[in-house]
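After the structure tokens below, expect a handful of questions from me.
In this document, chain identifiers A, B, C and D correspond to the written order of the chains, with residue numbering beginning at 1 in each.
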Amino acid sequence: MVYSIVPPQLFSVEDYEKSSVKHMDHTAWSYLVGGSADEITADKNKCAFDEIQLQTQVLRDFAGANTRLNLLGSTLPFPILLAPVAWHKLFHPDGELATVQAASAIGAGMVVSTQSSVLLEDVAENATKPLWFQLYIQPDRMFTAELVKRAEQAGYKALVLTIDAPISGVRNREQRVNFHLPQGISSVNLAGMKRPAVHNASLLESPLFSGQLESIPTWQDIEWLKSITSLPIIVKGITSVADVEQAITLGVNGLIVSNHGGRVLDTLPSTIELLPGIAEQVAGRVPILLDSGIRRGTDILKALALGASAVMIGRPYIYALSVAGAVGVVHLLNILRAELEAAMVLTGCRTLYEIDRSLLWKS
Amino acid sequence: MVYSIVPPQLFSVEDYEKSSVKHMDHTAWSYLVGGSADEITADKNKCAFDEIQLQTQVLRDFAGANTRLNLLGSTLPFPILLAPVAWHKLFHPDGELATVQAASAIGAGMVVSTQSSVLLEDVAENATKPLWFQLYIQPDRMFTAELVKRAEQAGYKALVLTIDAPISGVRNREQRVNFHLPQGISSVNLAGMKRPAVHNASLLESPLFSGQLESIPTWQDIEWLKSITSLPIIVKGITSVADVEQAITLGVNGLIVSNHGGRVLDTLPSTIELLPGIAEQVAGRVPILLDSGIRRGTDILKALALGASAVMIGRPYIYALSVAGAVGVVHLLNILRAELEAAMVLTGCRTLYEIDRSLLWKS
Amino acid sequence: MVYSIVPPQLFSVEDYEKSSVKHMDHTAWSYLVGGSADEITADKNKCAFDEIQLQTQVLRDFAGANTRLNLLGSTLPFPILLAPVAWHKLFHPDGELATVQAASAIGAGMVVSTQSSVLLEDVAENATKPLWFQLYIQPDRMFTAELVKRAEQAGYKALVLTIDAPISGVRNREQRVNFHLPQGISSVNLAGMKRPAVHNASLLESPLFSGQLESIPTWQDIEWLKSITSLPIIVKGITSVADVEQAITLGVNGLIVSNHGGRVLDTLPSTIELLPGIAEQVAGRVPILLDSGIRRGTDILKALALGASAVMIGRPYIYALSVAGAVGVVHLLNILRAELEAAMVLTGCRTLYEIDRSLLWKS
Amino acid sequence: MVYSIVPPQLFSVEDYEKSSVKHMDHTAWSYLVGGSADEITADKNKCAFDEIQLQTQVLRDFAGANTRLNLLGSTLPFPILLAPVAWHKLFHPDGELATVQAASAIGAGMVVSTQSSVLLEDVAENATKPLWFQLYIQPDRMFTAELVKRAEQAGYKALVLTIDAPISGVRNREQRVNFHLPQGISSVNLAGMKRPAVHNASLLESPLFSGQLESIPTWQDIEWLKSITSLPIIVKGITSVADVEQAITLGVNGLIVSNHGGRVLDTLPSTIELLPGIAEQVAGRVPILLDSGIRRGTDILKALALGASAVMIGRPYIYALSVAGAVGVVHLLNILRAELEAAMVLTGCRTLYEIDRSLLWKS
């Protein structure tokens, strides 16, 4: 990877976002940036970080400073993972192969989507670092079990079970541009899977409640999943503390505080607002990750200060992927990594383990 | 009704609103969208919903899920009623006949306005579902009594007594476009009614207090109305808890929390802000409905969580009526219905009766 | 006065404001609408009213409803007075003569400015209703005493002593357009008055503190003023409760809560924010008026609900004066009067004395 | 200095800011106005003053009014100092020589930057008033010691030790315009200093933590600095109360509440928000100054009311320097000085020592 060919005029996630408009098809761009309904939650995810104020600690010693962390048995050089995003080929011809090349080069954790546009096995083959696999439990449970087995065999180290999108959100922005997958891009991992018959509800029937919810996952599926795999299970998308407790009771190995980037249910709180309550409930029993809205190193610092062990980014690395492929993803990760380190120096934190609520200014 | 001719590029109430500009005369559009004075309440009705945050409940079972409710003895398939709006012919040549066709097709409750542009009897004749009649008590009480009798004879199942507009609001937007009813459209139900003589106040007299308020309705009219009809009476437009108590003491059968879409007195609170205090005062003694500001399925969920049994929509269905007649109204209702069901799935509510304040996130 | 020639397309204070741009010289317009420094207080005066929420009271009886009030021994038909504004000839060739014609026609109280562009005697001569005289205590106290005597002799019924502008504010908007009085317009009441010599401060001297503050009024001037006149003294421009107490101790007859329309010290609170604290301190000992920011009948209702006996308007009537002379001023007063009455009907208030804090909605 | 050639159309700091765009190279302008990252703190520094509300005190006597203060043994005619800003030659060909001419003419305190574009000795030679020297502790401590000795020998009266910028902030605005020093402008005071070798971090290394932090200053450097100089040491850039205590324990002579104009760590609180907590901790043991965001005389009044003895301005005087050289700086200082005096008159303060929290309005 020739790192020097990185775009010379891009210095922040926002710069990549603006540039990406020119590197994507408009419908793909609308699919990527859009949120649910009025995009209130999608916007709030970002603004909510801006409203949290830091305070400096000055004149500290930084000998031995680092951003290393241990997460579910692995050591990561920095606390930024690539969140699962469907169909990377929509954004770059090499798709997930470019992404995994970048993640391996810089040592970032990566979560491959069930809906990847490259076979999960091919992604794994190109990785030099451990990967996690994101799982949607499919209506066809037999197929789901096989998918889990394939992930295990391909060497994935954990399952990220997304549970906040049993149905698609109200995706008006996508609908308005008539988004659909172009020829040649598909959820290749799901090829051959049986899908439930489409039921066209009549005017006198419920649009959603007339049959199509029969096979959506329930808490029992977590137990079932644990019975068919020995991989750690990280549950993604819990926002209420009651659900946190149930998940931990069922033995999950980690939680991701997420609102799916504001793409499923609008007017959910931002994830950084949700984090403190969830962290209090978890009380250290399992590690917590957070995604949705991370755009700056200071955002990462704030998430860690409020209880997360690490964060995941989604749209930001896809912007970079579209602009400059693997090189762009590495560059973007380095931007965030440098911003995080700058924020740590200025708030006096030598390691991630020194980051806590005392950094947050209370008026 | 050929449902497939529904406009293909409209996916939300907002889409219909934007499209309606092209389907209405500008003065009719100004009449419809306008609010009182500076339209602060009209705007706030919508924004206030956006500021209420939900929280998800995940992995629930949805067997038997539905949106049915019982309301004043009738069963409705979903909790969205069509609010009374004057003169539908301003917005579509078929006027209320198109609206009632849509309501009957999809099974929505509909409240026909005293100021309908089609005779209340003709609307009723085209309905296959029960209707309610909205009543303004007229200066001519004899005529009012006759109107009530006509509504009874035409088969209306309840009276919705609007009590928040004894005088017209400060409707600057209407005034600026010189709104008036075009030839051929009128309040046909009121034909032949005696109207009080217009009093032109001199400079030294009160503009409003010089005579024209003599015949405005008072609490005694509720007693009188009960004495002349056996229909249930639902009072629309109460915003203070003292008035709630008086209305219940007088034996009304339901309340509609409304600020008339922000069209009468500006700087009233939004209805969703008013609802909790009123619901607390009512304490389940009569059912509560809410209108003014509903634009999303999540808005409906929030209204039900805060104490409403159902909601009414006004401007939204008129937008749809103007764009695509009865087909548009059905489509718009289906959009909201699908959005409500999506919100119920994502917050873990199998029926309307599981919707409560626990769905609202408190920071 | 031919009232029917009132501009047909103007329905609110805002409409007059917008129209006035075309009827004034740009420098006069800048002088009128501008506030001090960044105009934060000038803007807030208006917005703060919008944030106060009302609640309705329905189905009340309005027999005998009126807006009359007694104020310092006079009866006024409605609680809106014309505030002192300098140099009306800047805005209409007839200047204060047109204004007083309008005030007399409709029965509004009017306060004539020390800096009127028509002699105070000529204004009084054209009045059929009692007037008040606004006084700035001049560096030349002899001249000031004579001014008071002239006001008494011309029949003015009270003195409004403005005490919040001992120096000019930071009027950047005026400076940027190089505002100055055109030929033929001047403070005619002050003709012949001795003015202190201008002191041009050197770089090493204080710009303001080097001499020019010697003759600014102090609390002792109130005692002096009381010794030379038997007219009631109403103090205009107090914002702190300590000063309220001192003024009452010295025997003033009324207070006007004002921040001079945001024209003197920027970042003062809006007057409607100041009112409750001041009303609490006054505790009914003297009547309170309020100006700065009144643009709607609901604003008047809110001021009365929070403790004012009446309000004064300044810029609004000047907009109307510029657009349509005396007729415009009458029309504008009638607009506000009708809006106030509408607000009273909708909040269930039959007289001004029924307006209290219970009309304000508390979340 | 011919004061009359001051630009005739500039009446406020904002006017100078707007005008300066035309008098600077775009990259220099971007360097000057820019803040860190999303410039949230840079913007908030200004807005936060606007949200603090004053209250007037009227009818006070102003005999003997003045704005004098004693600060670290010197008497200043007014409480506004010129903050250290790098490379004045970027903004005016005479650079710091023009600035010091203005400061001496009007008697303002001035802090000369380590990174001045004119030798610290040459600046001192042109001063007729005492100067302070701003110090960055350099990686080369020997050179730093020599710099301190030079400042002492040139007659500087205090050291302002900046401790909030051990690393450069995330300066995206500068990066986007590719800011760099033009030929002929440099940090002349640092000529000949040894600089640490640049370490180009590999992809697997921390961008910042890989070596370049070895020589950043720590608390021990304060002790060292005190051991090599007898000048008073004023620490600039503390935002947390724990650091305040440590600084005072180590014997510093003053504190400057600063966030470096929002140029280092974004989402820090505004300095006026930080001030009260820091003032409470300091409890009068050392004087406090404040910079970042001062644009109006009322801002100065508010800073003094909340515990500062004086304020410093940075960008504002550079705007004026670029527009009109030394004359502009004098003019700008006089604008702020006159605004401060006006605010003192209107809030009833005869001297700086009468300014306290009672001037701030509490809702």
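Points worth noting:
Here is the rule we go by: contacts are C-beta pairs under 8 Å (C-beta built on N, C-alpha and C of every residue); 3 or more make two chains touch, one makes a residue touch a chain.
Please read all numbers here as calculations on a predicted model, not as lab measurements.
The two sequence copies chain A and chain B touch through a face in which the numbers common to both fall below half of the numbers used overall. Superposition on CA atoms relates chain A and chain D by a rotation of 90 degrees, given as a multiple of 5. One finds 42 Å separating the Cα centroids of chain B and chain C.
For the pair chain A and chain C, the distance between mean C-alpha positions equals 60 Å. If touching chains are joined by edges, the resulting network of the protein chains shown is one closed cycle, each chain touching exactly two neighbours. Remark: the chains found to touch one another pair up as A-B, A-D, B-C, C-D. Residues of chain B touching chain A in their complex: 3, 9, 11-12, 14-15, 49-50, 52-63, 65-67, 77-78, 105-107, 296-298, 330, 334, 337-339, 341-343, 345-347, 361, 363. By the touch criterion given at the top, residues 37-38, 40, 163-164, 166-167, 169-170, 172, 175-176, 203-204, 206-209, 213-214, 216-219, 221-222, 237-240, 242-243, 264-269, 273-274 of chain D touch chain A in their complex.
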